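Each structure below is given as structure tokens.
Shared between the two complexes below is chain A, which pairs with chain B and chain C, respectively.
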Partner chain A sequence: MSETYPQGRRLNGKGVRDRNRPVRVVIASFASCFGCQLQITNMEQHLMDVLGQFELCYWQLTSSDPMPESFDVAVVEGAVTTEEAEKQLRELRERAKALIAIGACATTAGIPGMAAKGFYEHPGSVYEHVPQACGAMISPRPLSAIVDVDFEVRCCPVDPYDFTIMLQRALYGSNKLATTRMLCSDCKRNETSCFFGEGQLCMGLVTSAGCGARCVNLGRPCQGCAGISPHANLASARKSCERYGVSVSDFDEKLEMFNQTNQAMHEAE
Partner chain B sequence: MLYRVIDAEERDALVSAFMQEYEVVAPVKRGRGYVFDVIESPDEIAYDYSTTTASLKKYLLPPRETLMTFNAVDNCITEHAECIPPRVIFGAHACDINAINRLDQVFRDGRYPDPYYTARREATLVVGMSCMPTDDCFCHLWDADEARFGYDLFLHDIGGRYLVSISSVEAANILEAACNPRVATDEDRSDFRQATRTRQLSFNQNIPDIQDVAMLMDAFHKDEFWDELGGRCLSCSACAAVCPTCFCFDLQDRLSPDGTQGERYRVWDACTSPQFAEVAGGHNFRPDGRERVRHRMYHKLNGFLANYDRMLCVGCGRCVSACKADINPIRVLEFFEEKGSEHDA
Partner chain C sequence: MTKTAISVDHIARVEGHGNVHVVIEDGEVKTVEMNVVEPARLFESMVKGRNFNDVPYIASRICGICSSSHVVTDLLAIEHAFDIEVSDRTKALRELLVYGSYLQNHATHLFVFAAPDFLGTSSIFPLSETDPDLFEKALNIKALGNELCTSIGGRSVHPITAVVGGFTSEISSTEYLVLADKLEAALPFALQTVDLFRTFRCPELQTAGDMLAMVQDDTYPVCTSRNALFVRSGQVFDAQEVDQAIEEYEVSHSAALLARVRKTGSPFFTGALARINASWDYLSKDARVAAAKAGLRPPEYNTFTNNVAQAIELVDVLIRCSELCRKLALADGFEGDSAPVSVVARAGRGVGYTEAPRGALFHDLTFDDEGRVVQASIITPTSLNVANLEADMRILAEQLVADGFDEDAIRLEIEKLVRAYDPCLSCSVH
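Then we have the complex of A and B:
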């Protein structure tokens, strides 16, 4: 597993901006709930400011115009779950100078990824004749399992301002590192009481920071939607659970929600 | 130093007097713990608080602080000067005042004072309060259980009244106006001595008192203890977030939603963060929790001492409860204790 998240290294910190013409952006979607795309529209107050910086050429959510032949930036939501999606993603990658994965499904395989365990056996246990409605199904995976991803906007759903910042990094260039530190220090900054002190499970111990611990700020334990960090210490986190009277099997079960396809889940168990 | 005595009942009047002219920050109950927060009334203050989840440093070195703004179109910058309210930190314990003294050494007293820190520090009065140690406290081991400077007033609880150490005219005038400070009697002095002894005897005796900690840190630099301790680091930096003396920061830029304006700000960073020692080209000098935890402990218990003649740890014990992996300086002291007893055996 990579030690860091994608941070535009392919672009050498440079943006895709061209001073002679507007940057062309497409927004595409695979297996997902469309929630992250909706989140972009939720940024009502600043939406026009954001859209003013480029030419939005393709977005199914707002227009049925077909995808153009050429573009500069591909924003992609959702996990890859079919052979067709895999092919489309490879095509997007070939044509885009920068590819941005948005949301838990695109970055960790997210909710669709939960089905990855025993994927090819599952349908047969439900259907006598497995329907072909969804295309040729393949085990769910995040975009980065198939192509190089330049930037990732994590969480379920994404924060529209995080999305804007990542998009600007693709447009104008940036060498800023996406943090791989765990969430807990954010709770300390926010001075919220730790769930572990109440014997309650919270996934902050192994989940990448970046969201500012917003669920905890609302009184809910972290569900881990940013995915486990490349630096997550699962073995130590399990010991922490034991130390604080939290069920280790609950912890392991919860990990499956956003990390089922993560290699680290299947190591050192 | 000037000393006066006030009755315990005069405490609220003192707070109220400060509130006339200052924003008053004090320990208040929140959730299962305590935090320093701006108060609206003296009734909110938890005078007998044990310790707070995070420290006071947020008032001098905010977790996120704008340093300048810039225009990304014209490529020009504007200095940013925050309007800082005159503020009183009321009820700081000795360890936290000693922590502020260390931050002062780093940000204010050096050759190149940090203007952002200095502006906040100069707008801040500190009123200390004596305390009794919790099981996690070990300030006495680092000589941080009494504050010798760095405060304006210090209230020593001597039973129903306070012996007040006065070290600034600004605070003395307010004390004089709000209370009826009187000269200490023999009985007051005797009670102060007794209170100090009681505190000293109340520290958790299971925390080993080790001599020459800084030298031992060097002597056992390569011991496998560090692999074991750092190997369980969760890489969350909760320790640094609650630490009253961790002062490292990162500088970052962000653009406005329309991409025309920008802001440069600093945020708390920590040597326990995975990318802290990553340099251009992607090499990371401390890629693993083992190196990072050892590095942090070294700065706390060895490195800072060499430059500033005092430990960077003040023994406040916050990291002891913040770290879910049970990594803290007490574990280091226990390791040295163990090494000593191996020798005895």
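Then we have the complex of A and C:
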């Protein structure tokens, strides 16, 4: 069995809460669209209830307060795409008792991760002379490729309430394991029909469940934004594609959108 | 010799990573740089070779806050390249989606990013205690933008239902009517927002650059025209000729490309203020009255007033969206349905053009005969704005130095100016 997602193992199911003082939280970001941070602000009605549980020390998106020296929880969005970001991430990890990766970019390298394929071709294709301001670019990778990650909130973008649940686990502790089910099981529960029956590709066969099949419920096949489950059987999924007359090369191409840096992709080759 | 270096590392309350660097020597402003250090994700290179169907989905991820605009712009580019005509209903839904991102963006920018500058706080959160009513209403109008985007696109960030040729799902007539009621109910607060931002004092600053906005006969357009106007020079160009009208260029201090008018070399501003200058006559009546009351009438070239311009657009958007929702609720409101029309790929080039909340947005895509991307160029509002922002920062710094302001005051005013531009640095680099 391949490794399952991190879920507070380093913390032994305990939260970082300290009864004598408020927990200090920072929110930081690397290469991303900022959409997952926005999703945090997008729970308007409950925003102060969530933020009121701790001391929010640093959040560049919403506040000009500088990054503090010490804190308990680091919430991190984005993929690591420069040496500078890699160093900053290591520093955050050293100081944080708990590190929460939010969104596809942080958990799977997501869409920025697509550039990992033939990485060294890309910068020169966009810039004539790569500007100094780009820093020392490296092939994109998820946070877990560089440091230990305690909790992951998947999808592109994250669901604000999924984030809140994971934050609660970091604060108060939890022994709940991450799901490794595939999205197909959500559609079975929802009693929705299957795109494969119509000869259409859907990534639910191999993608981690948890979103409730949001896209499928709105008539669009799963695009795989949660990343493939550690229990995904890619070989079997390819056979299913063949059986339903869906192009296997389309399946493999679609996998690249959120899994380009996943080892499982390369083992299969 | 006295030398003052003003630096703001990782400027707060903007989307993305940027630093400001200003050097003043003996009362003379020497260097002014907007140092965009947002990591490059290399979208233009990444989408090469991809099937057209995946491209809007990928392009959406350029920016969280204006994801709807990126999707719609990309769809327009693809449909233009393949010569696909979509239904009027689909067009109306796309307009709603773009407007939804106006509500989200303007409410977030005005209250979460800009307002603390004028309230003297580091963030909006203290407002929850000092003025809970304003805080709640501010978040409510932002939430309404999210609700609109969720109703039409299926999600507040990165829409699901908008695909090449149409929409995969739609809400019911009843839901459209409920939405229309909510949009109308938010109008008094939007008007109050205009009044609030009108009272925030801003330095006198006349931008030297031009202004760029979409124009269309008899309309205040956001995604229904292919014509772009340089307000000051009067030059109009078709979106398909964007590469001939606008020149993008590299500088080492910015990961975002900068832009200038190709003909004149002039930098320019794009955004709410440019739109109001270009299409003032077609603002809805309430919005125009609110604008006049706020003292904003064309031509207005103080880029600080972009804040008020966005507040005016909030009013305009609420009125337009409620009208669109009411019409969508009628069985015969729009011709055709929104189910995706059939699509046949072909080789060709298409430029999609919309007015994103922060200004003109172009996606220039070339496909091969299988519908795979051969070439992509994405020109975002903030990359269009950086050169003009730097020019404005210089004018502002020179004025403040001449008026004897100290370093801290200059720093704060420059930060305010950056935020008035509402830059999206993640968009600008992409």
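Please note the rule applied: the second predicted complex is superposed on the first by the 263 of 269 C-alpha atoms of A that agree within 3 Å, B and C clash if a C-alpha of one lies under 4 Å from a C-alpha of the other, contacts with A are read in each partner's own complex, and residues count from 1 in each chain.
The working rule: contacts are C-beta pairs under 8 Å (C-beta built on N, C-alpha and C of every residue); 3 or more make two chains touch, one makes a residue touch a chain.
Since the model is a prediction, treat every value here as computed from it, not as a measurement.
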item	value
Combined model on chain A: chain C and chain B, fit or clash	fit
Partner chain in contact with A:165 - chain B first, chain C second, else both or neither	first
First, second, both or neither for A:189, with chain B first and chain C second	first
Partner chain(s) touched by A:206 [first = chain B, second = chain C, both, neither]	first
First (chain B), second (chain C), both or neither touched by A:50	first
Which of chain B and chain C A:107 touches, first, second, both or neither	neither
Which of chain B and chain C A:180 touches, first, second, both or neither	first
Touched partner set for A:237, first chain B, second chain C, both or neither	first
Touching partner for A:81 - first (chain B), second (chain C), both, neither	second
Gap in Å between nearest CA atoms once chain C and chain B share a frame through chain A	13
Contact footprint of chain C on chain A as seen in their complex	30-39, 41-42, 44-45, 47-48, 51, 56, 59-65, 78, 81-82, 85, 110-112, 114-115, 121-123, 125-129, 131-135, 137, 140, 156-157, 214-215, 218-220, 223, 250, 253-254, 257
Complex interface listing, chain B residues touching chain A	30-33, 35, 52-54, 58, 63, 72, 231-238, 240-242, 252-259, 268, 270, 272-275, 278, 282, 284, 287, 289, 321-322, 324-326
Residue numbers on chain C that touch chain A, as the complex places them	10, 12-13, 15-16, 35-37, 39-42, 44-46, 48, 50-51, 54, 57-58, 61-65, 67, 108, 112-113, 116, 122-125, 128, 139-140, 142-143, 146, 154-158, 160-161, 163, 168-169, 250-255, 415, 426
In the complex, chain A residues that touch chain B	3-4, 9, 43, 46, 49-50, 52-53, 161, 164-165, 168, 171-172, 176-177, 179-189, 191-194, 196-198, 204-206, 209, 229-233, 235-237, 239-240, 243-244
